[in-house]
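Please find the structures below.
The same subunit A turns up in both complexes below, where it pairs with subunit B and then with subunit C.
For the complex of A and B:
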């Protein structure tokens, strides 16, 4: 009896791993496929017959780093994204604190207004923003990208953090107050640590949005000086060389890697963060 | 350390009335217990003393100074919250130390104070844990430790022992009283538990429906209830209350007749007598009814008698036994009888 139960248990475990493994493979397929394209010679890409065991080649790799300033693109991406997330947090945390903690006239309207900026189609504001940045002399710089990414993400970063803050019992702050803590200290020592998973979740989502951002980046980064990975990708689609598939694949992969590393590193907080809003305590 | 005065305190949220009309003066170093049913405004009153809630009307005065506009953090009170309110990201040690850090107690003294508070609440072994890794009772003790770690002007304790088992509760009760006497800190304490109120309090404040029903020493409250609410709330089982008519010093209700009462009273009244002031039998019994229940507990027997559709509780001798539904008579101690106005419920003296 007992041994049978143990056996069926280990069987179900195997099954579980098989299913999860299958799912993981399914999800990773595009990535693996990209890798395989990125690391094969150009001649093996544009053929009619499928090639199951391609030749390994670093052609594309050398090409993107030698013929294009790929490091610079990568650096631009990383700088603009990290900078924008920092700007967002600095602005969103106090805003969310205020929206979730104080009652004042028009609070809910302000909250909704902040969120509503996200509902607008980006194309509507593209032209005004272009002129705004041009007149401010901000075109073609990483700083401008930082600002624009921050602006795009600020609304939902504020919103996510606000919802986490609403879940913190008011008694916690009351306790800190009677213990003698001031508002800033309460924010810094009690609230922020308590909603860290939420802050991390919001940051990661903001990063992913930013790394995929294309329209405004193209608009504002008018020269390769401020190009990021996402715009650089577009560079491989035209010109005398035609579509350089293996280079595109490789660059796409490079754009994917930083986010992947970040997500894996903070995975623990992230999965907790995504569920915490729903289940209190 | 501080005198507290609540004068004409009211708290309303729109139409909801939390606290109706509270007037009380609490002496320096006094231990006052607020007792009352759930939702009667105990926590709200306490939060107004702490400065976490602003009274809609009235004044909170400490040592002669009106505190209404003084921030919670500047009032120098230490509070145990009903929901514990431990800081989830800090260990128990850091939780207990937090008020010391905020009040800028010298670094060198902090550790000893934290350990002393942990010892008093039997938490020494749990100092490195996060609150989420503690049981309900342990969390509650941590909340208590965080309050008693320093010597504030006022202790505010909102049901600080509600989640402990009987034995630990008794030990903590003694501990709290001891700390309060030692530190000489004015204490306001909220509880549902009568025993806690009786044993801890210098004075008990009975609240109901947002208003104070009676303020008095435990003896006053028990022996001299001001109205039917207090009489029916205090004691276990509480005072028996029987509605009837009084005329020329004689109270009559179905199955009950009591003579020799004040002759000045007439009309409808409520007669109150405690279960322990009753004797079964007697030559000139006051009450006649049938046995409804007999519950021996070892040191006494709870006897429930059915009289005129109402149940009367009597504490009988531990050897007392009776068949159900048999006739039984009871005599009261006339000196211990209380009379209340039938309409207002106020005590008639």
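For the complex of A and C:
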């Protein structure tokens, strides 16, 4: 009896590791293969017979920095992303405070309106936004990207921060209030320090979505002046030579590494952030 | 949470002047609205303004020259446009297959991973695809299946097929690539959420069921899964929104082909608007999509988010 139970237990362990390990392989194999694309010469990418053991080459590395304004793309990405996250925090923290700490007419509808903007498909608003920015003379500028990334992420950031604010015990505030502190001072001195993990989580998730954003960037950044990493990728073509895959692969990894490091650092909060606070991981 | 004892300005109590007090009282009433207003106004600029703009534009023929009012002309054209209906159908088919696969796989992985001692390690490994830019992922799949034909070569090597596979001429093969790319990149999104939900469940209930001799599977099916329902709903909605707006992969991998078989509604709007500059027509498609979005938001999303909160 006991041995039988042990046997079935070890069998289920085998199954468990087969499934988890299998998926891990499925996740990592394409990544490793793509990495090998980044470090091979262009002549060994698209061939009659795929080459599995390519010669090592740093061609792509020199190419992305010499043939393309890579630093400019990088600068555009970083500027637009950091700017958009700052705009989001300035707008979202007071909004989240209002939604989580006061009761007033229409509060839940306002909250749901903010949430529902997340559901707008970029394609729905793409044309009007394109004309809006064109008439404002903002096409092809990092400022426009900053504004649009901030708008895309605002609902997410507000709801995540709101969820963290809901967790703060009321007593903490009451104590400060009896000391005569005003609402804004309570927000600044008590609430914000207490929900710092939430603010960081929201910022990281906003950053990822901003890096990933494709459609708006494609429309707004019509020349390399305002290209970000994400859209620059789609333009790594050598005219008649077609796509330059080793450069694409290298840039993909260049963008991946910082994101990976930051996400691993906030791992604990990730599930809560991804569900806008609906799941408390 | 009563607002009456909140003072907007700390000094309000000490002010003896009546007008001052009245003003501060009014300020108190409007204070929460003032706090939330900047965010709402900002969001209206990208939702309300474009929404109205698209509705107005959808009643005009807008091509290079001045706007020509044509009443419901765009909508009539849309009604008879098999490419538009095709795009709706493609979005639905590819979206529902990808979403179902992701949900089932993520649940299975979460079921095996959450009580594994190395759950943190699994989580980090599974996260990797999600942290690549979607445009980069699209290129991985384009190169692997189409440009370098590695997939076909691997199949030939293990002897499954003896020729090349014509991915680009088969609608279902092209769709499969898009679905696979989406499943590969976004299953971790659901996995992370499901594992967190499973880890957060009441351990005592689980322990008691196990002592009664219940198997892991029956605990999962009878206790964990019902508990996770609201979480699953929220996660699927968030993922569903992103899948139905699928654009990047279509733009890079298939360009909507072959025979418009992989054209999603987002790509349809992009193509009519920014490739054919038929802005009025594209706007009418946007308006239809907007109406669908609002209906779904009111019927499904509101309920899911409210129940997840409780």
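FYI, the second predicted complex is superposed on the first by the 218 of 281 C-alpha atoms of A that agree within 3 Å, B and C clash if a C-alpha of one lies under 4 Å from a C-alpha of the other, contacts with A are read in each partner's own complex, and residues count from 1 in each chain.
As a working rule, a residue touches a chain if its C-beta (ideal position, glycine included) is under 8 Å from a C-beta of that chain, and two chains touch if they have at least 3 such contacts.
Not measured: the values here are computed from a predicted model.
Peer 1: With the two complexes superposed on chain A, say which partner A:185 touches: subunit B (first), subunit C (second), both, or neither.
Peer 2: both
Peer 1: Mind working out whether A:29 is in touch with subunit B, subunit C, both or neither, as first, second, both or neither?
Peer 2: neither
Peer 1: Between subunit B (first) and subunit C (second), which, if any, makes contact with A:171: first, second, both or neither?
Peer 2: In the superposed model, A:171 contacts subunit B only, not subunit C.
Peer 1: I'd like to know which partner A:193 touches here: subunit B for first, subunit C for second, both or neither.
Peer 2: First partner only.
Peer 1: For A:121, is the partner it touches subunit B (first), subunit C (second), both, or none of the two (neither)?
Peer 2: A:121 contacts subunit C only, not subunit B.
Peer 1: Answer with first, second, both or neither: which of subunit B and subunit C does A:154 touch in the superposed model?
Peer 2: A:154 contacts subunit C only, not subunit B.
Peer 1: Kindly classify A:255 by the partners it touches after superposition: subunit B alone (first), subunit C alone (second), both, or neither?
Peer 2: It touches subunit C, and subunit B stays clear.
Peer 1: Residues of subunit A touched by subunit B versus by subunit C: which partner has the larger set?
Peer 2: Counting contacted residues of subunit A, the larger count belongs to C.
Peer 1: Of the partners subunit B and subunit C, which touch A:86 in the superposed model: first, second, both, neither?
Peer 2: After superposition on chain A, A:86 lies in contact with neither partner.
Peer 1: Indicate the residue numbers of subunit A shared between its subunit B interface and its subunit C interface, in ascending order.
Peer 2: 177, 180-182, 185
Peer 1: Touching subunit A in the complex: which residues of subunit B?
Peer 2: 47, 50-52, 71-73, 75, 77-79, 81-83, 85-90, 98-99, 102-103, 146, 156
Peer 1: Please give the residue numbers of subunit A that touch subunit B in the complex, ascending.
Peer 2: 169, 171-172, 174-182, 185, 189-190, 193-194, 196
Peer 1: Inside the complex, what are the residues of subunit C that reach subunit A?
Peer 2: Counting only subunit C, the residues touching subunit A are 1-3, 5-10, 29, 31-33, 35-36, 38-40, 42-43, 45-47, 49-51, 53-54, 57, 105, 108-109, 112-113, 116, 120, 122-129, 131-136, 139-141, 143-144, 147-150, 153, 184, 188-189, 192-193, 195-197, 199-200, 216, 230-231, 234-235, 238, 241, 244-245, 247-248, 251-252, 265-267, 269-270, 273-274, 279, 282-283, 286, 289-290, 293, 296-297, 301-302, 305, 308-309.
Peer 1: Looking at the complex, which residues from subunit A come into contact with subunit C?
Peer 2: 12, 15-16, 19-20, 23-24, 26-28, 30-31, 33-34, 37, 45-47, 49-50, 90-92, 94-95, 97-99, 101-104, 107, 110, 112-132, 148, 150-152, 154-155, 158, 170, 177, 180-183, 185, 208, 211-212, 214-215, 218-219, 229-231, 233-234, 242-243, 245, 248-249, 251-252, 255-256, 259-260, 263-264, 267, 270-272, 274-276, 278-281
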